[in-house]
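Down below is the structure, laid out as structure tokens.
By written order: A, B and C. Residues from 1 in each chain.
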Amino acid sequence: MLKIDGLTARRGGKTVLTDISLAVGPGETLAVLGESGAGKSTLVAATLGLVAPQLGTVTWDGRPLGRGGAALVMQEPRAAFNPALSLRRSVLEPLRAQGMPDDAARIDRLCAGLELDPAMLDRKPYTVSIGQAQRAGILRALIAAPPLVLFDEPLSALDAVTQKQTAGLITALQREEGFAALIVTHDLGYAAAHADAVAVLRAGRIEETAPAADFFRVPRSAYARSLVAAATSLGALERRVA
Amino acid sequence: MNDVVQLFLRSAIVLTGTAVVTFALLWHAPGDPALSIAVARFDSAVSDEVVARIRAEAGLDAGFWAGFAHWVVPLLSGDFGKSSVTGRQVWPELLDAVRLTVPLALLGLAVGLALSVPLAIVAARRPGGWIDRGAVALASFGAAMPAYWLALLLILVFAVKLNWLPAFGAGSASSLVLPALTLGLGTGASLTRILRSSLLEARGAAFLPALARRGVGSRERAVAHVAPHAMIPVLTIVGLELAFLMEGAVMVEVIFGRPGVGSFLVDAISARDFPKVQGVVMLTAVLFVTVNLVIDLLYRLVDPRIGERHG
Amino acid sequence: MADFRAVLVLVAVLAGLALFGPLIAPNDPTAIDIPNRLAQPGEVYPLGSDAMGRGILSRLLHGARWSLGLAFLVSTIGLAIGVAVGLLAAMGGRFADWAMMRTTDIFLAFPDLVAAVVIAGVLGAGTSSLIFALTVTGWMRYARVARGVGLSLKTRGHVVQASLAGLSRPAIARWHYLPALVPSLTVVWTGMLARAILGISALGFLGFGVQPPTPEWGTMLLDARVHIRSDPLQMIWPGIAVVACVLSINLAGDALRDGLAKRGAG
């Protein structure tokens, strides 16, 4: 299981994360909720080892996350792909980089799970829709069967209908593949529907960690309460408009 | 303040690197330098003993770094060493050469400025107009014109056909006209190109319409606001033009048979007189690094926001 | 895209001239014909002959192979060195960047043509010295551009993904950096090609370049200079060849740059 222990990280000369401790087991989904500027993307980068932590450790089953130990689904689906290469080449990159054979059957199976036409993979990133690009991004993240997948605001670039569809596909695939998922988002609705546990990140610190069911019933911290209250009133507003 | 210190540090590193690279080039040059010195001084038949003595005297018998130190330590106090051919001090002769090249370069720069500044201003007044297009065409043509061919063409027209000016030598003031014209036309072409585009850029700057609305007159806008903005690229150009003038001077001096740094260098290379070659190289490097340092410092004065100049 | 095609056509024309120019040359460019020395343009020698009775047109056409072929070579080797240095600076750590950029500064601390004259002259006249001299003094602009573009790519999504996937550094450079470098490096390459043509002929003119009797435009000008009074046409032709090549390459480079700028803006 993923253990983030006492992580403190700096970026651009400022301490962005302070003493973060989190854990996610296989098959589980942890949603880290936070507003923009809370340090969400630094948390992702530090977990992946793209930013060296000042203090603390990130481990999987007691060992550091090595090559192929974790994959990432990014916020901007098309920018995550090399514009000069076909989607298929990019999707196969993790396999080839780790010396694994191209697994056509696995691609087909994952494509089916993602409701993605495999022929779409022969196109360049800027010729497919954002929703298709994001599903190809998820495909690339899962292709080499990493034990841990990080999602950095995976739905925010998508329209409402596609958001719902993609969220459902991720959860279904997770049930099948059994990876641990750490999802960084500001979308409480997503966390409520799909996460097993929720952590609230505010100004670089973890404000509260709780099982999702408890969190949405009785948020403990004042900040979490205001978040949930705001989301609920917005939800009520949505229902009224609809 | 800290980055000013860094600028000086960087200049020192660049100069040290240039010295090492220059010395390495001459160290690895084909042929035995001691033997060529001996031959140059005493004519062919020299004994091995003499060659060995010269080798020790010139610091050539030790290793690379010892040889480097033998050359560079005196250099730090301004001692350029002795010519390996004549045995005379390099510095006085080099200084004489510099004294002959500087007026030529300045005159060339003056001609270049006299041509380019009015042309660029007129051209930038109506971008796309016929004067502008003519200026751009002229500048492109000038950039493609090698200095030595331009010199030959000028000699052909003004010395051979019209017989107005001397083609070679450095005796009279009139002998300076064609070399300065060659340098000036080349400099003028590249200056026109850059001045024009920096004027256009400065004029298109976003703040000008706002100033106009505030009632700042067009002359004042041009003097107080357009000019400082056009200054930044101009500063860079001064550095680049220096390189152009130096290259031009080498070619022009050789073609017109004028003494100066260029002929000094080419003669030293042909004679394999390495102390002289090293002298010219290091003097030029010091000049360039100093000019670039001054430009970097001026940049900070003109626009304090600039942390680093990007080439 | 149209501009890119214009550059391709131009490169093809120049390459064709360098490759096939000698085939259409009417005379042997090195055959000495003293009775017909300094001949006026005529049937045998369409542009006249030089002081040794060698046909000027044939020497120009054969010279294209040397002037343009060497320029292609020099600017392309410089490209390879510059890209390697620039990408090492951009992809390596802070120290690699610092070291690579200070090295670049050292080589920029000197006017490049003067440096080329010193290097070629000290190493001894000849084609290999010429190639070495112009390459050593001609890689820095590539390095700066490659580093600049490389640094901007570092945080791009697909580059991050490639390193997460565990792709090796050379593979990341090959597949994720190089394709993005192509447009701006092509612009620099055209500029350096023009510079190399000027440099080769300048060194030839000073006697430090390609050695006689090989026909090369700069050495042809050097030979012709002596006859400026009696036969000025001799120095006109090689000069026109140099200016025409450099001018057309520069114009193509400008068109390419403007085209890329427009595409970048739109």
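The definition used in the following text is that a residue touches a chain if its C-beta (ideal position, glycine included) is under 8 Å from a C-beta of that chain, and two chains touch if they have at least 3 such contacts.
Since the structure is predicted, the reported quantities are computational estimates derived from the model, not experimental observations.
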### Query
Starting at subunit A, what is the smallest number of hops through touching chains needed to reach subunit B?
2
### Task
Name the chain whose C-alpha centroid is farthest from the C-alpha centroid of subunit A.
B
### Query
What chain lies closest to the overall centre, CA atoms only?
C
### Intercentroid distance (Cα basis), subunit B paired with subunit A, Å
57
## Note on the structure
Separation of the C-alpha centres, subunit A versus subunit C, in whole Å, is 50
### Message
How many angstrom lie between the centres of subunit B and subunit C, each centre taken as the mean Cα position?
### Response
22
### Message
Considering only the defined contacts, which subunit A positions touch subunit C in the complex?
### Response
48, 50, 67-68, 70-72, 74, 76, 79-85, 90, 93-94, 96-98, 140, 144
### Message
Could you list, by residue number, the parts of subunit C that touch subunit B in their complex?
### Response
102-103, 105-114, 117-119, 121-124, 144, 148, 194, 198, 201-202, 205-206, 208, 221, 225, 228-229, 232, 235, 239, 242-243, 246-247, 250-251, 254
### Task
Spell out the residues on subunit C that touch subunit A in their complex, using ranges where they run on.
156-158, 160-168, 171, 175-176, 179-180
### Message
Help me check something: in the complex, which residues belonging to subunit B touch subunit C?
### Response
10, 13-15, 17-18, 21, 25-26, 29-30, 140-141, 143-149, 152-153, 155-156, 160, 242-244, 246-247, 250-251, 254-255, 265-266, 269-270, 272, 274, 277, 281, 284-285, 288-289, 292, 310-311
